[in-house]
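Two complexes, one shared chain (chain A), two partners (chain B, chain C).
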Partner chain A sequence: MVTRLDPKLFDSTAEVTWCAGCGDFAILKALKQAFADLAILRALKIAFADLDILPHQALVVSGIGCGSKLPDYMTVNGYMTIHGRPLPIATGAKLASPGLHVVVVNGDGDSYGIGGNHFVQTCRRNPDITQIVENNQIYGLTKGQYSPTSDKGFITTTSPDGAIEPAFNPMAVAIAAGATFVARAFAGQPKHVAQMIEEGIQHRGYALIDVLQPCVTFNRVNTYDFYRQRVYNLADEGHDPTDREAAWRKAYEWEERIPLGVLYRADGLPTYDDQVKTLDGGSPVSRLTELAKDPRPAQYESLKDGFL
Partner chain B sequence: MANVVTNDMSIVIGGDAGQGVESSGAGFCLSFARAGLHVFGIQDYRSRIRGGHNFYQIRLSERPRLSHSNPVHLVLALTPETVDLHLDRLAPGGAVIFPERFGIDPAPAEARGVRVDSLPLMRIAEEHGSKVMTNTAALGAAAGITEFPIAYMEQVIRDNFAAKGSDTVEANIKVANAAYRVARERYGADFPFKLAPVKDAPKRMLINGNEAFAMGALAGGCRFMAAYPMTPATSIIEWLAALPHEYGVVTKHAEDEIAAACMAIGASFAGARAMTATSGGGFCLMVEAMGLAGMTEVPLVIVESQRGGPSTGLPTRTEQSDLLFAINASHGESPRIVTAPGTVADCFEAGWRSFNLADKYQCPVVVLVDQALSSSLVTLDMDGIDFSQVEIDRGATLSHEQLDSLTDGYKRFAFSDSGVSPRAVPGHPAAVFAASSDEHDEVGHITEEIENRRRMMAKRMRKLDQALADDIRSPELHGPDGADVTLVCWGSTFGACLEAAHEINASGGSANVLRFLDVWPIPEEAATAALSRCRRTVVVEQNYTAQLAKLIRMTTGVKVDDSLTKYDGRPFAPEEIAAGLGKEVASGHKA
Partner chain C sequence: MPWAEFLAEIQTGGSFQSREETEATTVSVLRALAEVLPAPQLETLTSRVPPEAMVFLRRTGSQPDPMFDSHLFLGWVVSSLDATAGRDKTVGGLDFTAAYSGEEAIRRARCVFAAIKSRLDSHERQDLASVLPDEVDAWFREA
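Let's turn to the complex of A and B:
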């Protein structure tokens, strides 16, 4: 009999400071579920034992914003960093220690606003990390200003006449920038969120899961009801996520119907880390561990010849 | 002919960007280094790829030199502008060599006792190769006039042009030889400055500060570097990226300096020795991340190779204007160590020592160098880079075996007397933790509780006291005790200061040098003691506001008597320092 790894393994005693009803709860629950479910998969496939994800085998990197406090509420290796920068920090960690399952959790402002360049570069870079964006279309932690994903006309304290810019389209940008796994989920469907995170972690390469996640305190437009009336699952309508053209069309669906699920995926492509030749035969962390025991100074002597 | 001076001269090769001044200069340096001469070569170039005056200044000697020097004795002018720009720096008896078609008026030079020699360099280049080899002809002519054996230059041509094919190699060698013969026949007998191979000289490397730092970092276990290209720091990542793959150095050219610093922090958090390198403008972008490393106690090495600021400033030139910035970089108060190597050999040591400091104190270490130190090519004895001296000290980093024996719950940020907490890197089941840029408790959980804040802040800052007690180096005094004047310096001006002091002492004056190697935390007690033993103190700095003097006064209350500052982007020459101190200091006599 296979024992299911209990998601409670990732529970923490830290006080959770999110507002009651916040969609972040759903993502937190889903993430615990996702790691746990993956561990079952590993248990079933002993041959893939290396991929068995336990709290110490994962690293969750977040930025700044409500959702970025998530690592504090889990028992998992976590790094709550600075606004907009979790992707390069996660990329550095992955390149240094490729065995870690690296997951980034941040918000729409963090990822698509202040961290926008890192987002675009990471899409085309394709490191083997998974990013979950808690997209509530507003700056919640600073108490309600419009965000990159706020719809045009959205009224907030910094847009009293309505936001002038059209909303940033993370799905389209990710596809255009070369992301190899682009998905959307909705916090009102936690099982589906968990499923998307699982698929994202299993995907070899960069995976984006943009989670529509209502801010119950500051966003009175994009509510649970707003989404429930519009979302549908792509899998139910026979969408082929490997069809880039179809994905592109789905990325532009928003007003009336909002697609959930994997919009686009390209499997079998080499990740960034796969292609770094200096990672063959050891990682920066494993090599340092060896060098700290035996620095082998003689190995460098011939380098002096380059200066003669 | 005047008295012949052998193996003590400076040569300038100048021309427009794109004429190969830099590669010619570096190649020339190499041929002299291989002949056993000590070389100190500085590049002077503008921020453009084509056009604009560039030059390479090469000082040659039979003893080690720590800076360039004026006057110069031979100018190889690849453009008419070079003649005008460097004429005033020529020593009596010196010469300017230039191609035949320039039409230079010799009168001003001859009035200075300098000869201007038109040589058929272009014709020689065209006859034996092509016009682009005019610089090779100029180098050949320089060897001819100084009677330096052309064989050394031939070998460098073979090495440097090998990839371009044997035709190019042979043509360049013919050009060099033809120019050598013409110059030697025409002027050799009259030119008093000569260069000769040094018998039985040991092999020496020709290396710059960036390369030496990169070697030190490699030997110190650094296997991750992320950077965004920025002059004059770029050659560090280039050198590491070009290493054979077996060394396993992961380098990442990031999308910007923010990403570069963050990637290095991520790699270090995961357990690697990781660094980034930049100049002042890029460092501006890194300082928020530097605060993150300070707050979350992640070791981080940042090389900041200073150039002329503010803003884009003098992008290819030198300055020491980021001292107070580095010490204070990032908002709030967080621990960091700032160190300032002054020589190429120092750079090698800084390469591995910085990582030890970063690991021991779990904080950022900023290595302040500058364009002059990063780019100047210097001969270094083979044992000047001694890999057997390199230690890898990971401080309180917990090994896998130590983690296996952990019994209580792991506290990543445990309070301690030293301020340093045992550090685990992700991957061990006994030490799962989350770190946060928010204030946090010993476990790492976010908290704003008063008592915890007080204790945690004090714990982080206390690490600097421990560093002062264990690792921070006192200022070093060089030269005679009790000298009339003490030149106080940090970083790359050390070389020029030391040479200036030698010069002053040799001409009857009395000077010594007090140099600061580690500038933050500043060794207050040692600095106060050292300064109190000085008669008259003068800081020598490449900035406008005498930042070291300010720092000394701020931390010790000691007021340095005078300052000699320079902010034109060109490195101090010893003669400028001596002249800046005034005649009475330089000679030891009242005028």
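Let's turn to the complex of A and C:
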């Protein structure tokens, strides 16, 4: 019998310290929902409920920032890294234990600013991980400085005359750098956020889901209402996400109309994990498991030889 | 009832300092309601508030988002608040540029709910409360 996992399975007892009304709540809820729903899909596929995605089968990696507190609010394997570094940690975790569902959750500053280089390299590498960027266009935890995705002219404590630089365009950069799944969602539509996360996790390769998430305390420009008036769903307009040129054009839509949904996807390409020769004989975790069952010094030597 | 009268009632009930402040809160609550109410309740509400409010009761999608919860509802209301010089509860101590506004947002939402409730009969009030997200229904009932 196939049963539906309750997203509450992923609840934790930690006190949530986000501001009231923060868009991160919707992302947290959507992620729990996505994990629970994916369990259903897998169960339907193989008809065994014991192969659901359970908390121990997922790893959520974050950096520093309001949104990066998220792993603490879920009962799931969690790893809070230093600022801007969750992507390489997540890539390493996936290589070490390919069976894990590895999801990175961090903010626009952590991902596109401090971790900008890791972001570009991850797009190139195509590891089989999913990244959810809580994009509120401001540094909220440090109380309101402009971030890489703040629009030009955006006034904050660190840009009193308005941000001088044009905003970083994560969609265009991801497509240009070779990302194989590039999507955008809006925290005001949590069901759609969950749907995008599910598609991202199911995609084999690196999946970026940039979630427009209003910071209700420090960003008084990009509010729920601001986005509500501008967002539209690409699926409603017949966008073909496999058309790279069309995706490129959509990546540059902003201001008046903001597209939501999968902008670009390329399926069937080899992942980074597929191409690491050292993994041919099994992942480090699986080898350690074998070693634990039958510990012999010779095995340690062969394991070391494989990595040195 | 004219829009100005509706707002004046909310302003008095909630001790709002200005008409602009009152209107911003009212609009944010109406927009959040539009996102969560099923069509029948939304129609009832639309027929009870001033015609000028109808523009704020247009939903993004055809159906309410089932995952729209009290946090998201509050997000709309908090966005309408001026957080400057509020009471700061953030980690790190005093902050003169912004502050946690959740409790004030709930208070303001209740003020708008009170004005709406005064235009509904008891059956309509119960019907509307029954379809609101958890916690929001309590704010509505207590208003």
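Basically, the second predicted complex is superposed on the first by the 282 of 308 C-alpha atoms of A that agree within 3 Å, B and C clash if a C-alpha of one lies under 4 Å from a C-alpha of the other, contacts with A are read in each partner's own complex, and residues count from 1 in each chain.
The rule we apply is simple: a contact is a pair of C-beta atoms (placed from the backbone, for glycine too) under 8 Å apart; a residue touches a chain by one contact, two chains touch by 3 or more.
Every value quoted in this text rests on a predicted model; they were computed, and no experiment measured them.
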item: Touching partner for A:Leu279 - first (chain B), second (chain C), both, neither; value: first
item: Touching partner for A:Lys191 - first (chain B), second (chain C), both, neither; value: second
item: Which of chain B and chain C A:Pro214 touches, first, second, both or neither; value: second
item: Which of chain B and chain C A:Gly65 touches, first, second, both or neither; value: neither
item: Touch count on chain A, higher of chain B and chain C; value: B
item: Which of chain B and chain C A:Gly107 touches, first, second, both or neither; value: neither
item: Partner chain(s) touched by A:Ala20 [first = chain B, second = chain C, both, neither]; value: second
item: First (chain B), second (chain C), both or neither touched by A:Gly261; value: neither
item: List of chain A residues in touch with chain B within their complex; value: 12, 14, 54-57, 59-61, 64, 69, 71-72, 74-82, 85, 88-97, 99-100, 117-118, 121, 276-285, 287-289, 291-292, 295, 297-301, 303-304, 307-308
item: Touching residues (chain side chain A, partner chain C) in the complex; value: 17, 19-23, 25-26, 29-30, 33, 143-144, 157, 187-192, 194, 214, 216-218, 220, 223-225, 228, 231
item: Residues on chain B engaged by chain A in the complex (per definition of touch); value: 34, 203-207, 211, 215, 218-219, 221, 223-224, 226, 243, 245-252, 254-256, 258-260, 262-274, 288-289, 291-292, 296, 380, 382, 385, 387-388, 390-392, 394, 399-400, 425-429, 431-438, 444-446
item: Chain A partner contacts - residues on chain C that touch it in the complex; value: 28, 31, 35, 60-61, 65-69, 71-79, 83, 90-92, 95, 97-103, 105-106
